[in-house]
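Sharing a structure, written as structure tokens. Questions coming.
Should a chain be cited, it is by its letter among A, B, C and D, assigned in written order, with residues numbered from 1 in that chain.
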Amino acid sequence: MIAILKQGTTKEQIDSLITWFHTQGLEVHVSEGKFQTILGLIGDVSNVSTDLLMGLDIIESVRKISDPFKNANRKFHPDDTVIDIGGYKIGGGAFQIIAGPCSVESREQITGIAKSVKESGANFLRGGAFKPRTSPYAFQGLKAEGLEYLSEAKKETGMPIVTEIMNINTLDLFEDVDVIQVGARNMQNFDLLRELGHTGKPILLKRGLANTITELLMSAEYIMAGGNEKVILCERGIRTFETATRNTLDLSAVPVLKELSHLPVVVDPSHATGVARYVRPMALAAVAAGADGLMIEVHNDPPHALSDGAQSVTPEEFSSIAKQILEVREVIGR
Amino acid sequence: MIAILKQGTTKEQIDSLITWFHTQGLEVHVSEGKFQTILGLIGDVSNVSTDLLMGLDIIESVRKISDPFKNANRKFHPDDTVIDIGGYKIGGGAFQIIAGPCSVESREQITGIAKSVKESGANFLRGGAFKPRTSPYAFQGLKAEGLEYLSEAKKETGMPIVTEIMNINTLDLFEDVDVIQVGARNMQNFDLLRELGHTGKPILLKRGLANTITELLMSAEYIMAGGNEKVILCERGIRTFETATRNTLDLSAVPVLKELSHLPVVVDPSHATGVARYVRPMALAAVAAGADGLMIEVHNDPPHALSDGAQSVTPEEFSSIAKQILEVREVIGR
Amino acid sequence: MIAILKQGTTKEQIDSLITWFHTQGLEVHVSEGKFQTILGLIGDVSNVSTDLLMGLDIIESVRKISDPFKNANRKFHPDDTVIDIGGYKIGGGAFQIIAGPCSVESREQITGIAKSVKESGANFLRGGAFKPRTSPYAFQGLKAEGLEYLSEAKKETGMPIVTEIMNINTLDLFEDVDVIQVGARNMQNFDLLRELGHTGKPILLKRGLANTITELLMSAEYIMAGGNEKVILCERGIRTFETATRNTLDLSAVPVLKELSHLPVVVDPSHATGVARYVRPMALAAVAAGADGLMIEVHNDPPHALSDGAQSVTPEEFSSIAKQILEVREVIGR
Amino acid sequence: MIAILKQGTTKEQIDSLITWFHTQGLEVHVSEGKFQTILGLIGDVSNVSTDLLMGLDIIESVRKISDPFKNANRKFHPDDTVIDIGGYKIGGGAFQIIAGPCSVESREQITGIAKSVKESGANFLRGGAFKPRTSPYAFQGLKAEGLEYLSEAKKETGMPIVTEIMNINTLDLFEDVDVIQVGARNMQNFDLLRELGHTGKPILLKRGLANTITELLMSAEYIMAGGNEKVILCERGIRTFETATRNTLDLSAVPVLKELSHLPVVVDPSHATGVARYVRPMALAAVAAGADGLMIEVHNDPPHALSDGAQSVTPEEFSSIAKQILEVREVIGR
């Protein structure tokens, strides 16, 4: 941790601050510049609040040098985390496609799509039962009934299922769910994250629309601090001034996350762009950027989907995209 | 609702689409342009999904004309909502200052600050007991104990208290709380909002860091749809590329919200800027912009606050700011 | 163009507005909704100012339906534009790599890098002679001398050269330049664009840090309106709240631009990320997303580059990236 | 300047780096932490490129401690700059209102508005003769003719005039102009800034839509480095995801700029919001935040203005706003 002092700070003030740091068990290295004095704090600074220091009149700025995340940090865990879900591995070179409709609509729909995407190369089935919708008047998902239909589709196809939780009080309903998704809007619902840290289930954690890469890793840390190390990170677009796509897919986040963390990284081009015809180029780009997996919305009848129809591709198109994905993976040697 | 058709759409396709709209109980007005045909849909379009339409091959773009919020909408409720909290009114010309520390730290601290800010002109006491923190390793608040200390401060001073809820399962602890705050990170925690709609308590709803003004109103709508009309909107800064302040306080949101909605609008300059010395200018600016209230962090000993010290002003400074606030209010005739 | 009228607009006001539109030579289709009346304007609306209409008391919102760009618009020019530069084609399936150092530093440096990148598969040489720098105290480029060195490198290698112009008054010095680059900061320097529209040189136009895709196309339009149709669009990262990379590379802009326009689209992963080790994944991702070309910074001795060293790859790494690029292009069938 | 080394850097690498810093005339203070070594560089670091250092394999991050601007920096020039323009002072407690239409449309229009706003309390007249327009097909201003009309209005009213330059080649036409405006889109047109640094005219420099406060000050530095110290900074809204207003007026920039620099700060609420009815609240808020001046668009007949009609207030409303501005200034003791 580095503290930069304001111009005009007196020697007395500096000494008193150094003494206080010593009481916190920290060593202090002083660098006196022409205009400014800089204190380098050595030791365990995890309990020193940046905000508290910023409040002192004599301090101009403070900077933590060590990354604030530990369990998720590649520095302390150099090898890739590989998560095994029902025999399907993700991370450490293993790649998976999660496909399915935005919302579970009926027994027939979800089982039909499941069979179709499985044939085309997806190993995981997605489908929303609890839907976070901006409007209270919009379709909110089939809820428990939707989870049941997902279970049946799993029984018929053997595909592990991925679906979103919105409220820890519904956790009991997720017993048969293989990967619990935390949506972008709940990325900093810290109580939910903490509780999920006490389950043994893999968690797919989506990046919030205005959250930095560091904050995504801190939210992973909430889950991991509870003992659950099976976290899959998901880039799904951030909010910018551009309106041609629903959000701006930040594909640079893929190499950055792979460098900072050992956790698998999945990309969701469907929600990011919101437009079915951009799903193929963005899916391939995500693979080329080094993603460990993709999450793609597929609907057997896109125009009639109850939510997000415009961003779903048809099973036929999905099949063709899935083939190209394998080819791009070969090129990048994965 | 307006649907703009793609170039090259055939007459048959248009007729088939119009027929479908008719089955949805909508009237359709057709405008044929040189390059494009536009359909105006008249009737109850609340069940027609924009996304579904966007998924159709022949549609270029779709736009809802009516605002998607109803209970919060000034169009259907022209008069300002005035919320009476323990005899103190907010909205419709009535202005309130909510002051207090970021976190409740001890019985003495919160009661001490309460007395001090009350004397200086604040009617409401704020203080966090449950703290949403980016890091799982940071101080998370005194929780139930903190709420107790707030209650005692209320008993001693008569000030209604405002404090944040993070988890609906802790609602029982909030019985003595007068205004329940929903933090920026939970603005789209829809399950929490829905449950708060079933309480009778006033809710102070903070705008999310990447949320639009319309989304803030839609989140208010979640609460109001449950029957709870006592919602106070709060602007607290949005996330931009600028790093000189913690967030960018969007003061234009004040007149925009007052125009679109009848709900009271409060501004939090402390969290927005993150810097105590910018609190005064931003507080006065918020009042000049027409805010119905302010939320200001005050700490008796800022440098030692357990969280957000840098953004807290001292009781002395608060007192001086409070005086200027009254004067600015007089100028703008409120 | 569509104009949505405010609630409560009287029939007289509407009639008077319609009469005014008629005097502008427009046909008007009226759709009366339950809450709102909508006017669809048919005809040549290019001279009707949206702002002017928005200023009228009775108008709630206005929307232009037709795209504001014409020459750059794929609607009016369905085939890809292919630009031939010294025998090297770009666009319409033809792909090019532009490589070279950020700044021209010396005769030996630029010729050395040119030979090296040519061998590895780049056909175009880039190198800055006039450098736009945030600080007036930073190195501003070798200027005329730099352009001379570029010319010599071109003579020795036969590579067409791409270099940035900052001021129309230096145009005479660009006679031997094959592609004139307009930097992100000058994307809306309309006078510069207009003047470049009168040259016959291909222009590489970089997207501004806060500019939308539509604005990029409007700036291309400034050049094309002057008669110069040889415009190459370049995505180079936009400004967001994320700080892990210098900017956020918006790769969705590639399929969006290819859909809206017939102009070739090039991606610059070096400036976008600002970090050499992210150049490979982002370059491959750009190709997978459908880019017609790449602009990659290569430096024989990155740590000693006079500007932007951190974002330059070595010739060895460039050679390895260039091979993978070809392979990804094969996968996507280009 | 601080350089943080990567984990695993060897002693030899560190020594070699330190030796190199010594050759650059810098002193180096070494702080060895548990996980990381930090080098504090003392001396004149203005020639050490952050980018160059970032390119070294052993460096994790680099941070300049000293502000990169000098002439504009309050640290080296503690007193407010006061600029006297035709007897009207701005800065150091002196406040000015610049008012007038977006575009000069005719001799009668500009003189008429000038007289009207002068009566209501504006001392400076604004009006665009050269208009930067996103579309090449939009009205581009009356150019030389517009400047003539402005001169006549100045002659009749005695008001100094403020108008925008887009191209240094038109400088001759600006002889009678009192304050030359640089628009947001040209904030980083460095060649234009440099040339303006050689004129003796006051420059009103608008912040770019995606530019940080530091970059605004660096652009001021370009002008001041040429010897022209008469720079007025202008906040006019930045680009964010919010669409309810044209841009997001960043009023916190006012106290931040006043703290970092001694230059006067003016706010333009008209362009920032793009909506006439938000001009009053935002103008008053800007004054409350400590602005040294305001720039307000006034049009005698807003709906018929050739550009930006929707954001112009009428002379009557301007007069009423101007009165309240004086009252708010009194409250904040200026």
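Operating definition for what follows: a residue touches a chain if its C-beta (ideal position, glycine included) is under 8 Å from a C-beta of that chain, and two chains touch if they have at least 3 such contacts.
Quick caveat, the model's predicted, so the values are computed rather than measured.
> How many hops, at fewest, get you from subunit B to subunit D via touching chains?
1
> Using C-alpha centroids, which chain lies at the maximum separation from subunit D?
A
> How big is the gap, in whole Å, between where the Cα atoms of subunit C centre and where those of subunit D centre?
26
> Could you give the separation in Å between the centres of subunit A and subunit D, each centre being the mean of its C-alpha atoms?
Centres of subunit A and subunit D (C-alpha means) sit 38 Å apart.
> Which residue numbers or ranges of subunit A touch two or more of the other chains?
If we look for residues of subunit A contacting two or more partner chains, we find 210, 238-241, 243.
> So with touch defined the way it is at the top, what topology do the chains form here? Options are line, ring, star, complete, other.
Topology of the interface graph: complete, with all chain pairs in contact.
> Could you pull out which subunit D residues touch subunit A in their complex?
Counting only subunit D, the residues touching subunit A are 2, 4, 7, 29-36, 38, 40, 42-43, 63, 65-66, 75, 239-241, 243.
> Would you pull the subunit B residues touching subunit D in the complex into a rising list?
210, 212-214, 238, 240-245, 248-256, 259, 272-273, 277-278, 281-282, 284-290, 324, 327-328, 331-332
> What residues on subunit B touch subunit A, complex-wise?
46, 49, 51-52, 54-56, 68-69, 132-139, 166-169, 185-186, 188-191, 194, 208-210, 215, 218, 221-222, 225, 238-239, 275-276, 302-312
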